[in-house]
Amino acid sequence: MADNKFAAYICSGCGIGDKLDVGTLEKIAKKEGKIQDVKTHPFLCSAEGVQLINDDIEKEGVTHVCIAACSRRAKTEAFHFPTAVMSRANLREGVLWVIAEGEAHDEVRQEMADDYVRMACAELKKMKLPDGNPNHGGNKRILVVGGGMSGMTSALEAAEAGYEVVIVEKQAQLGGWGAKLWKRVPFKAPYADPQNTGVAELVSLVSSHPRITVYLGSHLAETAGAPGRFNIKIAQESGAVSEEAVGAIVQATGFTSYDIAKLPELGGGKANVTDQAGLEALAQSANGAAIKRADGKEIKSVVFLQCAGQRDETGAHLPYCSGHCCATSIKQAMYFKDNNPDINTVVMYQDLRVPGMGEDFYRSAQNKGVTFTKGRATGVESTGATCTVNFRDLILDEDTSVSADLVVLATGQVPSAGVDLEAWNPVVMAADNGSEDAKQKKAEMQKISILNLNYRQGPDMPQFKYGFADSHFICFPYETRRTGIYAAGPVRRPMDMLQATEDATGAALKAIQAVENASLGRAAHPRSGDLSFPTARLEGCTQCKRCTVECPFGAIDEDERRFPKFNEERCRRCGTCMGACPVRVISFENYSVDTVGAQIKSVDMPDEFSEKPRILILACENDAYPALDMAGLSRTVYSAFVRIIPVRCLGSVNTIWITDALNAGYDGVMMMGCKKGDDYQCHFVKGSELAHYRMSKIGDTLSQLGLEPERVVTHEVAITDNARVAQYINDYVAQINEIGMSPMKGFV
Amino acid sequence: MSNQNQQAVARYQNNFLKEVEDRVEDGDWVKMCMQCGVCAGSCPLGDAWEHTPQKIFMMIRAGKREEVLKSDAMWMCTSCYNCIVRCPRKLPITHIMHGLANYAHRMNLAPQRQPTRVIAKIFWDNLVKTGRVNELKFSLAMYFKDGFSQGIKNAMAMQSAGLGLMKAKRLNPFEIFGGHKCKDSSGIKKMIAKAREIEDRKKGYTPL
Amino acid sequence: MAKKNYAFYPGCSSQKGASGSNFATSIGVMCDKLEIQLNEIPDWNCCGASIGYGEGGELPRLALNARNLALSAQHLPGQDMVSGCPACWLATRETAERLNEHSDLMAETNVALKEAGLTFKGGVKARHIVEVLIEDVGFAGMKAPVVKPLQGMKIAGYVGCQTNRPFGIAGESFENPLYLDKMIETVGAEAVSSFDQKVTCCGGALAFSEPEKSQKQIRDIVESAYDHGAEMIVTPCQLCQANVEIYQAEINKKHGTKLAMPVVYYSQLMSVAYGGTLKQAGLDGHLIQPNRLQEIAGK
Amino acid sequence: MTDSIATSQTILVVGGGISGMTAALEAAECGKQVMLIERNATLGGRTSLLYRYFPKMCHPTCGLEINLRRLKGNRNVRVMTMTQVVSVIGSRGDYTVTLKVAPRYVNDHCTGCGDCAKAVEAEIDNPYEYGLAKTKAAYLPHAMAYPQRYVIDASIINTPDGEKALAACKVGAVDLAMQEETIVVKVGTVVWATGWKPYDAAKIQPYGYDRYANVITSLEFERLADPKGPTGGKLLRPSDGREAKNIAFIQCAGSRDENHLRHCSRICCMASLKQTQYVREAYGDAGKSTVYYIDLRTIDRLEDFYVKVQKDTTVSFVKSKVAKIVEDKDANPVLHGVDTEGYHRYATAHDLVVLAVGMEPEANGIKLPDDMLLDSSGFIEGSRDEGMFGAGAATSPLDVNRSVQSATAAALRAIKVVYKTATVEG
């Protein structure tokens, strides 16, 4: 690779030239920033300005570009130089637009701009152009675990898009839950009648597809590797084990319905009290004729009890609503009405939940004479001949009862998501410490594992809530904490068949995307396209395991010598490992302890008596930094004493930066990251949490330095907090002024 | 229970909803109610209703035959049609209330001296006689519906209005001797008799 | 311009010497000026009104109205059947529509009609005079003949129920119809647009059976008219007019109120504005004298 | 002119809201060529006008920031704003689409400095505040606007204000002569992510949205709650600017109603529950929210949020479709109706009424190709030739989470089309 050539480009447009002494900035870039080639342009983002830079890159061999103009979030189309390393000094949103107008502030404004140029140059010096993962996997086959409606849909959709697919289904045949249904709820207008499930057709399409390989009566004995290079062992009933190589995984392992036996108060386990699955079985055996009871008796009246063992606040049963059950009961009531309108069918509900076009399906059922009663069942008795449902009629406001030949309990969906890692990890720890029964327990738990990942962090996907392997993000439902592995269908969230097929199609796309990204060594969401990846100087590693434990995505395993083993294809480039490392051996080409450290140190530190405190702000690039930008956009004024450095995630903040800053004489350090806790908004799951934890430990360092604890603060900042961030800053500056300037100044 | 009520109950095995669907004007709409209650809140005489329309629909589904038909609720309908135009399921609620009232009356379960029931009968008889309503005879009949002495009181109470209307030529005292009538009043009588005969047959009423 | 012809169904209340007779009188001038020719349907009968259902049931009521429709079709072929009384209009239109939708009802009804020597095949359009005014004449057309604009009168337009629901006037809202206010303004008076009892039910159907309840409705309507500075209420409905006018005295007696709000028909406004005399406008037929209107008519 | 950049391998995504951006990005990150067009001046769509999302109470712009960064870093997506589809001809794999690009009067020189806005005096109703606030006739749609480029409203073209904007711009970005453009592109498939629009609340006459100042829509309430909104985040009554502390939320305002929208709009229950927490956020225990509902449809784990709100002492629930609203002398909306759980009549005055208005397909206002298949409410089911697809709320009333799922699925369906075309072509 050719020698590095550094160039800085200062824009004097947007008023920068009017309010700042650009000459000084140039000098700083040259002298202190040690940039060979420094140019100023009146309108840098213009075609000519950009041409100037491109010419330097192509003709002059410039490899490193420092842009001193607007925020890194602005003018990204113009300032796009794929072949060069780039750093940006934020003179517009970061200085011009936020520092008070008027000559009184000229000096501090200029100092702030000077520092940002220093910092950008210093950062640039430490950056390398990421060349992408050299040993990325290129396997583009997709594994689908589960051969039900969701799994088959994922498989077929991916295959139709040209990708090879392997399906592993534990049953002896495809079809899953859908195959147990007599009919399904309609997907399209008119939403009037039950429809054929279409499972048989789907099964034949899947079985006969040239790009789909199906393993029946099989499960995953092991899943090793990473996106683009998974190696899986498939154990068949025969005992045979076959190996396959795949690039990404869709987990569509579905659900089981909540055990009716746990609902004795609603007649669970008594004669002629069944669940929705039980009724489908009766309907299938009736095969279009009148549905008969298990005892062969004809049915004149049926009562459907909604929310059986669901929406339960006592903690005894499922707290959630399974979403599909109202429509399913409506469909099942139609089984009877369509066959014989004289059969009494009562659907007893508290809130009838048929969103969207389901309302038409509800109307259709009423039209067919299905009776809907808003009531709360208090108990179900069964004489064997007939059943009695005691309930509170919520409209007529009375306790009453209705008798029925058959009672159907609408029970909920229980996800089949495998091992719960929250429970798993403590057991593993105990087992590793030699506890025998922990080893026993571990083996027991492992039995229900679905993926049998050989990951350091456990054998299955992390579960989000109530055992569902869902994403915590509203905007990113396919966000996963196991890169390249996507949950689809009811294992992810309670859902009906229509939504499951939609979900499965989406999951298939994400799997395709994962293999395409992996094949290029590119990061997946949220840093999609990022080619940088973490490397570790293992000679310096103390095997403390923090990186392997704290990686939110389980990307880091341990090699046989118990050193961290990075799986770049699993990595999301958040830098949490870098933040975790006490000996600072982990870094990215363009983001490292040095790229940030150098910026911190480059700042010009006024002496103790200058009355010019310096406050370092480490701001998460996802929410806090945009908020600061928007403060600029809305011309919200804040103190000129802060120096802001964007970080990939607070999780990537290494405490050395804090101590370096304090040693260098900074009077305070502010960290701004995303919301943590149950409703966390951290895009890397735990980054914000970890930062708070690590900072809680920094007290000792501070006291060693003889500094007040207030010199380091952490804030949760939402992207909309543009007004609040300015307030935080100004309040903190005031607070620092009270505490007084740092005694550390001038020592370094 | 009257004989025709026993028949009805027997025929519908206590399934009051079916009975209403078969025998009450627009009764087949009852099943479409989703219990939102907008009708209940829309009635100008709202608080006079023992049971609101939406509740009556629920009672019908719950098989509360006697409670519904013996109630005076549906007799409170002023025919303002607010409920009809607001119902999100487009139930012809006004018509159903009229239908239920008429059915309760025909089944002779409606409250005996329910004023609207009594007046409805007087009004109808009045119009059937001549084919047109004779407001004077109707009013007088109205005043005397609760017996002679009460009638005098009522008449006296409304005397000023009555005299006023006469002065205003909007109440003609000579109508007492005949007054407006259709030429073909006999044809009209026969027509109504026939219509009633068909309806009774169709709905299985015992003729009044 | 040639007169437009309509089959006319006056209804019982518009008979000579009946409660709505002054309405019948007042439309004379109005129709004359607006080139509307109303041809009374020979031997028409009562529509069954709002409480006919109690005793009448379904088919007998349909038969009653079918008879009028049949007579209209027979004697005044091709003419829309127009009524001035909302109850008559509603019952007739409902019958026409129901018979069109349900062939079985149509058949049964005709069996009954046969007894009166008639048959009905449908095809008659039942309309309200207000529809004719708005759709066939138009507001400009209604304004044209105005010779005595009712300057300075503040009038509450009280639409009531049945002119407005369930059918109403095309394009108007059930909750806040504006056409009556517009009509008031076309004759030069000021409409009390904030009048919030515009479509409240006067309880007319239960005036005899539930006097207290119905009179409460009336009181609300009249008091709101006062509150909003109206000097007069105008309505398109015979039952509303009679009910709201007649019972004010009764209410005063019971509650010591001093209600004396004149209640007139839109047709009376127009007739006066068009130069009709007090008599022609039927203004001699009121219990509560609409003095200002009478004055203007007298000039 | 025919655009050479697009080919039968190009995926056209119509609509730059969260669904359209998602469909475009997901396909582009699979290596496909995508053209993303948006009718408005900025991407972001309706969600960027919401204050918070349920159930996490996080901010829509947070996800928008990530999607915009994905977009900035991905050269496979070509974005065109102020662009609409005029016509689509052809069939699966080979469509010819005519686009109409409205003049922005600002070119890509714009640095977003805001000098034009300073210079211009004329104000217009802010289209991104549902008309609750004014903005200069030269404006940046909102802080998260993309492209971050000003717009000059057509109303000031050929006026002195237009000239002021022109004079104020130091970088020559203002172009008052800009004309409407027509562009013809060839694409392999079209994803319609045309989203939804709030049902016209004025049509729900008994609630008097058109007559009473203090009856507003749920979307307007989002703007009131947003610190960036017209009231700086204060819940102020339109009639008198007084703080609204006792707020009614009316569910199914237009939804589940054959006089209006036949369907259930799915999101409104959660949206209102979310908004009750805006009231708590503003007043703590001093606020009061009442939710009038028919059925509360908080399905799957959204139920947790319902349970949480039920425990909030400032929130009460009435099972009733409100019959009508009248205004009292102090302009307080008074709600009339009957609580159907046991027949309790109410006539309750509130400071403010928020109508949880239903979702209508925005496509109802757009001329779709005849080949499209729509359901009874006008939501997109697909196209007869299976070459065009709906995505997000254009296909069904969906919340954000489900819209993104739907858009991701639509991306794959589109990819299937271009894959098949490519393999057929050789």
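Note that the chains are named A, B, C and D in the order they appear, and that numbering of residues resets to 1 at the start of each chain.
The working rule: contacts are C-beta pairs under 8 Å (C-beta built on N, C-alpha and C of every residue); 3 or more make two chains touch, one makes a residue touch a chain.
Here the structure is a predicted model, which is why all the values come from computation and not from measurement.
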Query raised in the report: Counting C-beta pairs in contact, which comes out ahead: A-D or B-D?
Result: A-D
Query raised in the report: How many angstrom between the C-alpha centroids of chain C and chain A?
Result: 67
Query raised in the report: So how far apart, in whole Å, are chain B and chain D when each is placed at the average of its C-alpha atoms?
Result: 51
Query raised in the report: If you average the CA atoms of chain B and of chain C, how far apart do the two points sit, in angstrom?
Result: 23
Query raised in the report: What are the residue numbers in chain A that touch two or more other chains?
Result: 352, 374, 395
**Report entry** Contacts with 2+ other chains: residues of chain C
**Finding:** 174
Query raised in the report: Counting only residues that touch at least 2 other chains, which ones in chain D make the list?
Result: 206, 256, 319, 324, 340, 343
Requested in this report: Any two chains that touch count here, so list every such pair.
Outcome: A-B, A-D, B-C, B-D, C-D
Query - Complex interface listing, chain D residues touching chain C - result: 205-206, 208, 211, 324, 326-327
Report summary line: The answer for chain A against chain D in the complex is residues 13-15, 43, 45-46, 70, 73-77, 157-158, 160-162, 188-190, 311, 313, 319-323, 349, 351-360, 374, 394-395, 397, 465-466, 468, 472-478, 493-495, 499, 502-503, 505-506, 508-510, 512-513, 516-517, 525-526, 528-529, 622-623, 626, 630, 633-634, 675, 679, 681, 683, 718-720, 722-723
Report task. Enumerate the contact residues on chain C facing chain B in the complex. Result -> 12-13, 15-22, 43-46, 48-60, 62-64, 67, 108-109, 111-117, 161-162, 165-166, 168, 174, 200-201, 203-206, 208-210, 213-214, 217, 242, 246-247, 249-250, 284-287
Requested in this report: Using the touch rule from the top, collect the residues of chain D that touch chain A in their complex.
Outcome: 18, 25-26, 29-31, 53, 56-67, 69-70, 72-74, 108-109, 111-113, 140, 143-144, 148, 170-171, 226-228, 256, 262-266, 295-304, 307, 319, 340-343, 375-377, 379, 381, 396-398, 400-402, 404-406, 408-409, 411-413, 415-416, 419-420, 423
Report summary line: Touching chain D in the complex, chain C uses residues 173-176, 196
